[in-house]
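One chain, chain A, appears in both complexes that follow, with chain B as partner in the first and chain C in the second.
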Partner chain A sequence: MKERKNKRFSRIREMFSGIPALGWLVGALVAVIIEYYFGNSLADFLHMDRLPVLFGVVVILKRPLDIPGAFVYVMLIYAIPIAVVARLTSRLMNRIAGFFDRLPLWVSAIVHLILLYYVLSVWTDLSDYRLLILKLSLIAIMVTLSLNVINGYMGEFSCSHPGFMALGAYVSSIFSVGLFVNDRILGHALLGVVPAWVGQLVFPIGLLLGGAIAAIGALIVAIPSFRTRGDYLAIISLAFMFIVKSLFDNLGFLGGARGLGSQPDWATLPTIFIWAVLCIWTINNFVESTMGKALNAVRDEESAAESMTVNTRKTKMIAFMFGAFWAGIAGGLFAHVLRYVNPGTFGLRKLAEVLAMVYFGGLNSVIGSIVGAVGFNLLSEMLRPLEIIKWIIIPTLLILVMIFRPTGLIAFKHFDVREILKPKLKAKERM
Partner chain B sequence: MKRGFLALTIVAAFLMVGWTMTTPTPAAARTIVIGLNIPLTGDIPKVGESSKNAAEMWLSDIKKAGGLKVGGKTYKVKLAIEDNESQASSAVSAATKLITEDEALAIVGPQASKQAVPAGEVCNNYKTPMISPWSTNPATTKDRPFVFRGCFLDSFQGPVIANFVTQEYHFTKAAVLYDVASDYPKGLAGYFKKAWEKLHGAGSVVAFESFTTGDTDFSSQLTRIIKSDAQFLFLPQYYNEVPLIVQQAHALGWKKPIVGSDSWGSPQTIKLCGKDCYGCFFVSHFVAKGAKGITKAFCDRYQAKYGEEPDDVAALTWDSLHIIQKAIENCGKLTGNLKKDRVLVRNAMAKIKDFQGITGKMTFTEEGDPIKCAVIVKINDKGEYVFYKSVCP
Partner chain C sequence: MPLLQVKNMTHYFAGLRAVHNYNLTIEPGEVHGLIGPNGAGKTTIFNLITGVYRPTEGEITLEGKSLIGLFPHEIASMGLGRTFQNMKLWRHMTVLEHVKMAHYSELTYGLVGAFFGTAKRYKEEEEIEQHSYELLRLLGIENIADQNVLNLPYGVQRKVEMARALAIRPRILFLDEPTVGMTPEELKEMMDVFRKVHEEFGLAIFLIEHRMKVVMELCEQIQTLNFGEVIAEGTPEEIQNNPKVIEAYLGKEEVE
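For the complex of A and B:
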């Protein structure tokens, strides 16, 4: 009996094993387009108030009567179209993927990314709530990944990430609000109010400034603290986080504890998507480079690495600053999504959140960080109707992950883009 | 086996579709949704609980009346409650969700300013009326036509306290101890200082001491205050810090009066502080003991239903919901088009004059801030909050 069951599962798995990433993306695209045109009428037909936003989980928790409706909806809109389209087009998609495989990697990557962006933008077009969740998730990916460089690849335990985010958030806000917005706190716009497209052009400057200041902040922590290891770095970096927080608490001209608001609405989905892709790309290249390997060597045994001609001090310093830089960029985007920053946001709670995402997803792994950040964010948003019970479920999940997979869900895995995008042949054809 | 499984799946699928078809359709067009964006978890869960209690009491009233009557039609009312976890980012997602998913006609909350400021931006962008019962930060309503508040501002409260102390005690020298890292105490301390110095000249605030959120030892600041020749201490802190500070001050030998702000209003203050706080005065939005008329009716009902005295959050939430109710009723007629209705409600809300709430009469200014009276409360020798006098602008 059990054997049969296994056989059935392996048959299903085999049915879908020959589908390349391109096939899944096309399937997802078809699904979101179907939802775009028929989602509302299907929800009506199933007697639901509205179409389920986050795959029906919120609906299930709030109105148990709608469970079958949500199930049918998710099956009809997502599961079945994706499976059918991906399966039926697998031969064609394999051929196309094979064609891309012969081209330089960046061509194929860009085509896939455009497709992914299109899927996401159609999906979020139906609901601004979805759009906000997606934006926050993309930012969470950046933060998680940048902390993973330090805590995962370098093997130190740094607690200053909310501080770096705060630096990025405030610096980019000073840039955008101070120069382009008439505001009560920062006064008259120094360069005048600009149209949105000009804003999009100058926004990267503000973000890069924020990232740079965060990196300088990292340097200030790094110089004294890298003489120490382990627990001591954790303490120093924690202190840095509190210093940054109380700095902004006491800077009256930035609004102090009241916070700084009225950031222009520049953090649109394409902007955040491009920055997130850039972040994943550069961090992945960084950790796969000689420097990244040196980082792993430092983590495993510092003195051995030193004797193998690795400049451990320089390596650690660069990795730390690099992580802080991306945390600063993420902080800047975060401030412009919420269009308000206050020092209280970047406290212990944010730290716990970021650390949870890193350790939930998996150390030393780019995919792990993506899975951790998106999973944690979606879960946190989906379970919100449970109120206090949510704070029992999420920590329990974390504990279970720590027990059964102590290094996180997908740890120590290479993120090989070519491997992911290449055509998948069925087991038979491979032989 | 395989065929059986397949058949079972198909039957189950049909059953599910059948079930959904038989579930009755909700009369969506005839339902008004009021959103509640409150902190049910996080740092101040008590605030969320009080708001929820008040809102549920309000809803049961509406249900008893059979719904909300607008222009001859009766609408059902539904509350959509979202937990904002006492975090700014969650407050923004909660507000977005209430507006786009739950299709709220109007939103009550968030309560604390750190969430009300960003959530107000969202509501204003979507042109959805929002009223924050408890947020005292001017930025919440500033330049946002769709955002209102239910309480007086700190810029009003500061002078009220300064005037009251001057008239009551004829003091000329003040000391202030406040949390520099928290938005509300810091703002209020500043307004009080300005008002006091206007009354008694520069340098009349002889000690202006601060600490940081989470501190539990205040002896160095208190020693400096005791050494100065201040005649009283102004303490704009929350219920979790007031008892610590007052008890430590008395232990260090401070015998002069201590005056508080509306943040003392929670019943927790006196529960934790005990005898040390007896005889103190503070400013509040309303007082349960010795209340009259509709305020008393509310307090009695709340006490009977939830077994505790209502705090200021509950009272302000109650008033805010009634303001929304009144605004909806004043619209005359709802079009059924949510976007248009939200604008109608907003305009009706801005026009409300002399609204008689349980926390006093209210009229909105152009900014969406109410002009209303403050209450001076005395903590008597039994540890009860009693009405002392009312101060109106």
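For the complex of A and C:
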């Protein structure tokens, strides 16, 4: 019985083994377009209140009677179209992927990213809730990845990431609200209210300012790290997080503990998408270079690294400042997505969430961070109907991951873009 | 001018005198040995010269330039390579990555190159990769360049460490018990490696070793250390017959 099942499973695997990333993306695009036009009427037809937002999981947990409906919906809208399109176009897509493979990598990467962006933007067009989850997931990727640089690649246990995010969030909010919004707390807009397209032009400046201030703040943690490691550094970084939090708690002109609101709506999906891609790109570039691998050398044997001409102080400073920079950018985007920021957000709870995403996804791995951040965010939204039980399921999952894969789901793996995008042979042909 | 000179070096660990009045002169291309019982302060001397500790008193110069107060990585990039008693390989890195890493001070592409992957970066990475492969070929381990170091047998790990130390383009190499725990075959191979790098690069070698066979065969000059002080210095023959050395190693001749 089991053998037969295995056989069937391997036949399915065989069927879908020769499909390149491009094929899957095209399949996904077809699926989301079908949903865009027919999703609502299909949901009506299946007697559901509205279309299932997160692949039907939320619906199932909320109203068990809708289980068949949600199943049919997911099959008809996602599973079957993706499978059919990906399978039928595999030969054509392999040929196109082969053509791209001969071009410089960035051409192919940009084409794939544009396609991915379209898939995401059509998918989120149907529901603001989806859009919000997607935005927060992209931001979570940036935060997780930047913390992975410090905790995974360099192996220091840093707890200061919410602090860096807070610095970025507040600095970019002061920039945007102070200069471009008439606000109760920060007063009259210094440069006057601007149209959205001007906002998009100046928004990067605000974000970069936030990132830069966070990077400078990171020096407070980086400099002690020259002399101390492990638990002691963890305590210092934790202290840093609390210092930042209570600083913003006590700065009356920024609204204190009540927070700062009315950020302009500049953090649109394309903006966040571009920043997230930039973040992944630069961090992956960095950790694949010999200069970035110096982080691993410092982690594994610091004294050997020093004796092999590695400037360990510089390396530590770069890691902390670079990580903090992206955390600051992510914080700025976060503040502009919620259009409100308060110090309470960047406390222990945020820390636990970020650490969980890093260790869940996998240390020392870009793809692990992406999987960790997206998986954790989706899971946490999908299980929302379970309320308190959600906080039993997610920690249990984390514990299980730690037992079976102590360094995380996908740890110590190279993120090889060319390998992912290249044309795929069928399992049979590969032998 | 001597390659490496140490004058009157003394070091205290919180009141405990670890090294007392230590002097050393190594000429280019010379092989110098340092022996002594466990705890005599041999590794401490290595760490003092390579900048891990800062000596309480004394002078250290490499080609006339003082090394006092410099960071270990600065001293290393001046041409002082070393290996460790317990190897200290980086457990998550491949053989090639080890050897490439030791070229760190040669990289000039900076943060811009590292973050954005400029053409200069790929050129420089390619250059250090070429040099790394040359060293791996010299030691006969180029076929395992992509393997993780943890999976390798002990003798091969030692070679990786040697390749890594050679990658900083040293003029003098400090070897801290390089043959400890080796089988006779591995030992023979390692001795060949020493001779090869010594001849190929005209390297000076400063060697801590417990196996008298290795020391006597390789070294031109030997110092014997006990309780942080040099008790004897000279050629292998002189050391072998020195009563003080025999006493330090075997105790006084009361039995006979």
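What we mean here is this: the second predicted complex is superposed on the first by the 423 of 431 C-alpha atoms of A that agree within 3 Å, B and C clash if a C-alpha of one lies under 4 Å from a C-alpha of the other, contacts with A are read in each partner's own complex, and residues count from 1 in each chain.
What we mean here is this: a contact is a pair of C-beta atoms (placed from the backbone, for glycine too) under 8 Å apart; a residue touches a chain by one contact, two chains touch by 3 or more.
Model, not experiment: these values are computed from the prediction.
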Which superposed partner A:Gly261 touches (first chain B, second chain C, both, neither): first
Which of chain B and chain C A:Val310 touches, first, second, both or neither: second
First (chain B), second (chain C), both or neither touched by A:Thr290: second
Which superposed partner A:Asp416 touches (first chain B, second chain C, both, neither): neither
Contacts of A:Asp128 with chain B and chain C, given as first, second, both or neither: first
Touched partner set for A:Asn364, first chain B, second chain C, both or neither: second
More chain A residues in contact - chain B or chain C: B
Touching residues (chain side chain A, partner chain C) in the complex: 282, 285-286, 289-294, 296-297, 299-301, 303-313, 318, 322, 364, 412
Touching residues (chain side chain B, partner chain A) in the complex: 1-2, 13, 16-17, 19-21, 23-26, 28, 40-41, 45, 82-83, 85, 87-90, 92-94, 96-97, 99-101, 103, 113-114, 117-118, 121, 137, 139, 142, 180-183, 186-187, 212
For the chain A and chain B complex, residues of the former touching the latter: 4, 8, 46-50, 53, 65-66, 68-69, 71-72, 127-129, 132-133, 136, 184, 245-246, 249-250, 256-259, 261-262, 334, 337-340, 342-345, 349, 381, 384-385, 387-388, 390-391
Chain A-touching residues of chain C, taken from the complex the two chains share: 50, 52, 71-73, 76-77, 81-82, 84, 88-93, 97, 100-105, 107, 109, 111, 113-117, 121, 125, 128, 164-165, 167-168
